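Common to both upcoming complexes is subunit A, partnered first by subunit B, then by subunit C.
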Partner chain A sequence: MQASRARLFKEYKEVQREKVADPDIQLVCDDTNIFKWTALIKGPSETPFEGGVFQLVFSVPEQYPLQPPQVRFLTKIFHPNVHFKTGEICLDILKNAWSPAWTLQSVCRAIIALMAHPEPDSPLNCDSGNLLRSGDVRGYQSMARMYTRLAASPKKG
Partner chain B sequence: MEGEEDYGVSEEEEYIYADDGDSLDGLADNDDSALQWAPPKVITKESLLAAQWEDLQRVMDVLSLKEHHARTLLIHYRWDVEKLLAVLVEKGKSCLFTESGVTVVENLEHDMPLTSSSTITCDICIEDTSGDNATRMECGHCFCNDCWTEHFIIKINEGQSRRIQCMAHRCSAICDEAIVRNLVRRRHPDLAEKFDRFLLESYIEDNKMVKWCPSTPHCGNAIRVEEDEFCEVECSCGLQFCFSCLSEAHSPCSCLMWERWSKKCHDESETVNWITVHTKPCPKCHKPVEKNGGCNLVSCICGQSFCWVCGGATGRDHTWSRIAGHSCGRYKEDREKQTERAKRDLYRYMHYHNRFKAHTDSFKLESKLKESILDKVSIAEERELRLKDFSWVTNGLNRLFRSRRVLSYSYPFAFYMFGEEFFKDEMTDEEREIKKNLFEDQQEQLESNVEKLSMFLEEPFQQFNQDKVMEIRMRVINVSVIIDQLCQKMYECIESDLLGSLHLGTHHIAPYKSKGIERASELSSCRNTKLGSTDEYLPCGGTLECDRPSGSGSSDDSGCSYRKRAKKEGGGFFDLNLPAEIVDRN
Partner chain C sequence: MLGDKYVAIRRTRGDGNCFFRSFMFSYLEHILEKQDRVEVDRIKANVEECRKTLQSLGYVDFTFEDFFALFLEQLDDVLQGNETSISHEELLNRSREQSVSDYVVMFFRFVTSGEIRKRSEFFEPFVFGLTNTTVEQFCKSAVEPMGEESDHVHITALSDALGVPIRVVYLDRSSCDAGGVSVNHHDFVPVPGNLPSATGSGSESIDPFITLLYRPGHYDILYPK
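Up next is the complex of A and B:
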C-alpha cells in the first residue's frame, strides 16, 4: 500500500509539471483521497467527439501499479467500447494487457486514442457497434456528435 | 510381456491339452501387438521431476536451450514435443520463440552493467535505485527488485505462475523462472515453493497424455499414456479407470455412452417417465393419479373427479352415455402414439438395465467368492494329489472377473447402439436388426460360457479325487480360453461391424486386453537414467533442488515392471483384473 501511495504521489508531481505540455488532459487528484482521481479530456479533433469535454473517474486499487486502475466515463458518450449507462470502458490495457509501466496520464492518452479508433467488434454499446459494423459511418457519427453536443459541450452563454 | 510360465499352447491345440501339467493356463497370448505396446506409466510425486525432465531434455538438446526456455516453450505447446518440433520445422525458430514468449539474447554487451555504483530509475515506482537492487530480464527491461517481487507475488497468487510476463508495456517475454524464484523466496519462501510446484504440475495439468489418477482420497499419482489416450489403465494404487473420461473402466461402452448411462441410472429419469406414462395429474391438487381399473371417470383422493381421457375436471354424475359437465369423445391418435412410445422406451431401458445390474451384482458376489475358493485351493494343495499346481483356479477366477465386467458393460452399449439416441439416422431399421442379432448372438454365447465358468469354479473340487480334479481343471481351462476368444470377438465385432461405418469419431472404445486392464508401470524417479550423470544437467542456479526427493533416484526403484509386481502379489501368473478390494488387500 505504501508503494502505491508513493507512486501516486510521484505521478501527482509529474502531472503538475506536465500540465502545460498536454493541454488535452487535465488530471486532478481528490483533495482527501489519493486513490480517487478525475480527469477532463478533450474529444480528439476530426472525430464526432471534437469540441466536447469528457469527464473520467479513476478508482485506484491498493496494488497499483501492479494492478490496473478502474476508469469510467462520467459524461455520457456514444461509443462502441463504452457502456452507455455506466460509462464502463472496454480497453485491453485496463484488463489483461495492463502493464505496471502505464501511468494515469498514459491511460488518459490511451482512452483518447480509443475515442478516435473505436473497435466495433468488441462492443459494450451494441447499437453503436452495429452501426459501424454495418458500414453506416454517417449514422454513427451523427449519433455520436449529437450526444457530444447534448452531454459534453460546455454550456454556451 | 510374456509371463513367467511357459504357455505351450498353440492356436491349433487350444481345446486339447496334453495332460502333463505344463500347459496350465491355456491363455495364449494371441495379441501380438501387446509386444510393441508401450505400457502406461505411473508418475508419482517423486518421478514427476524425471518425467518432465525427459521432455525438457529433448527440447533442450534439439534447440540447445536452457532449461527455463525449454519449459516456457513446452508449457506453451502443452508438453507436446512432436507438435513443438513440427512448428519449428514449419515456421522456424524465431517464430516459435516469439509465439511462446521466449527471448534468447545472444549478447548483452550493449546493456549497461548493473553494479552498485550505477543508478537506475525504475519506471514502475519512479524511484532511483542502485544497480545491484535492480534486475534486467532477458528481454532487456530493467526494474527494481521490489517492483519485480510485487509483480511476481500478484501473478503467482492469480494462478499464473506458468506464464509470468515482463512488466514492460506490450512485452510478452516470459520471466526467467530462476529470477522469479530467487526474488520471491527472499520475501515469501512458501510462495516460492508454491511457484515451483505449479511449474512442476504443469506437466500434468497442461498435458493431454498425462492425467491425475481419479482416486479418492487422492493417491498422489498421475498416469501417462504413451500412444493412445483411449485406453483403460490401472494406477499403482489399484484403481482401474478409463483414461479418457476418468470414470470407472467401462469398455465395450464408449465414454459418451457410459456418461449417458450412468446419468440415466443415477437420475432414475425413467421413473419420471413411468409416472408420465401411467399417471395423470389431478386438475385440482396436481398429484399424479394412477388409474387402477374401472371406467374413465377417475376420482382423486382429494375428492376431485376428472376424465381419464383428457385429464379435464368433471362433475361426479356419470351415466352410460355421458359424464356430467364434460364431453370429450374425440380420440386423439397422436397422444396415444406418444404414450405407446414412452412405454416402449421404458421397457427397453428396463430390459437392458436389469441385465446390466444382474451382471454387476454377480461380479460383486463373485469377488466375495474369491476368498472361499482360495481356501478350497489351500485345502486341495495339502492333499496328496499328483496335481500340485492350482494356478488354473486363480487364472479361471481372473478370467471370470474380467469377462463379467465385459458382459455387464455390453448391455449399456447395446442399449445405445441399437437405440435411437445416437444412431437414429445412421442405419435403417433392417440394418439395425441385423446388427442387433449379430451382437446378441455373441453376447449370448459369452453369457452362457461365463455362467459355466462360474459354475465350475464353485464346485467343491477340494474333495474330488484325482481324476475328477483333472477333469474340472480341463473344463475351467477350456471355458477360459473360449471366453477370452469370445470377448476378443465381441470387441472386434463392435469395432468393425457395428461402429465401423458410423460415428467412430465420437465413440472411441478402449481396446480389449486379454490380460486385463493394463497396470501402469512405475516410472523411474531418477533423472537422466540414460545419460548416467545427473550433475551435468542440473537446472541453472541450483533451482528445484528443494523439490528433489532425496535418495529416490536409486536404480532399484526404477523399472519396477509388471513382472516384478506379478510376483509380489503371489500366485498372479497373469495380469488379469482383480476386483479392487482384492487388490487392496494384497
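Up next is the complex of A and C:
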C-alpha cells in the first residue's frame, strides 16, 4: 500500500512535467484518491478516431506496480478490442504482459497505439472485429467514425 | 545420485518466479553465512552498472528505483553489525513475505532485461531459438512480467550482469543419451570482467556458491556437501 502510494506520487510528478511533451494525453489524478485517475486521449490521426477525445478511467490496485491498473473507456468507442458496453480493453500489457516498467502515461500511449492498430483476431467487440476480419475496412471505418462523431467529439457552441 | 554430492534441498514456490526467488535466497543466505563484504561491495558496483544500463536504454528512473533500493537494503541487512541486521530466521521470513520477495524478484527481472537488451546482438540468436521473437519482444513478454518462467537466456543474463556464477543441476533427460545414469550440471560463468575478484585471472575453475536443481518447469536450491 505504502509502496504503491509512493510510486503513484512519483508518477504524478512525472505527469506534471510531461504535460507539454505529450499533448495527446491529459492524465488527471482524483483530488482525494491517488488510486483513481482519469485520462483524456486524442484519437490518433489518419484513423477513424481522429478528431475525437476519449475519456479513460483508471482504477489502481494496492499491489501496483506489481499488478496492472484497471483501465476502461468511459467514452463509447467502436473498436475490435474494446467492449462496446463496458469499455473494457483487451490489451496484453493490462493483463499477463504487465510489468512495472509501464506507467499510467505509457499505458495511455499503448492504448492510443491500439486504437491505430486494432487486433481483430482477439475481439471484445465481435461486430467490429468481424468487419475487419472479413476485409470490410470501409464498413469498419465508417462505423468507427460515426461513433467518434457521436460520442467523442467536443460539443460546439 | 544427488545424495552423493548434496546434503539438502530447499524448495521454492512454483509460480514462475522460482529461478529468481531461488537465486535471491541462495545469494543472500551465502552473504549472511560468509559475511563476505568484498563480495557485497563487488555486487553493489555491478548493481550500479545495471542502473546505468537501464537509464541508457531509456527506462524512467522511478519505474525501477524502488526495486533496486529494496535489494540493496537486503544486502546491507544480511551483513551483521548494523542496527538493521537480520538473522537467518528473519531472512527466511522476509523471503516468504510477498512484498519483499516480489520486489526483489522484480529487481532481478529488470537487471536481466537490461543485460539482454544491452547485449542484444549476443542474445538475439538464443532468444530467437527459444521463442522465435525479437529481443525487444522477448524482454517485454518473457522477462519483465512477473510469473514468466526463466530459461537459460535469463540465467546467463543475470549471472553476467551481477557477475555471480550459478550452477544448475539438471534432473531431466538431458543425460540419458550417454547410456549410464548420471546427472548433468551446467555452470553459468559470468563473462570476464564481472567476475568475483578472487577469480579474476586466467582459467582456474570457479566454484559457484549458488547451486540450483532443475526439474522440468521448476528450480529449487541445492546444498552441496
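Basically, the second predicted complex is superposed on the first by the 157 of 157 C-alpha atoms of A that agree within 3 Å, B and C clash if a C-alpha of one lies under 4 Å from a C-alpha of the other, contacts with A are read in each partner's own complex, and residues count from 1 in each chain.
Just so we're on the same page, contacts are C-beta pairs under 8 Å (C-beta built on N, C-alpha and C of every residue); 3 or more make two chains touch, one makes a residue touch a chain.
Quantities reported herein were computed from a predicted structural model and do not represent experimental measurements.
By the touch criterion defined above, A:H117 reaches neither subunit B nor subunit C. By the touch criterion defined above, A:R149 lies against neither subunit B nor subunit C after alignment on the C-alpha atoms of chain A. Applying the stated contact rule after C-alpha superposition, one finds that A:N96 touches subunit C and leaves subunit B untouched. With both structures placed on the common chain, the touch criterion links A:A3 to subunit B and to subunit C. Contact with neither subunit B nor subunit C is seen for A:K19 once the two complexes are overlaid on the shared chain. In the superposition on chain A, A:L66 contacts both subunit B and subunit C.
The contact surfaces that subunit B and subunit C form on subunit A in the two complexes overlap at residues 3, 6-7, 10-11, 14, 65-66, 97, 99-102.
Taken together, the subunit A residues at the contact with subunit C in this complex read 3, 6-7, 10-11, 14, 65-66, 92, 96-103.
If you check the complex, the residues on subunit B that touch subunit A are 123-127, 146-147, 150-151, 154, 167-171. Remark: subunit C residues 59-60, 62-64, 66-67, 99, 102-103, 106, 109-110, 113, 140-141, 144-147 touch subunit A in the complex.
Of all residues in subunit A, only 3, 6-7, 10-11, 14, 63, 65-67, 93, 97, 99-102 touch subunit B in the complex they form.
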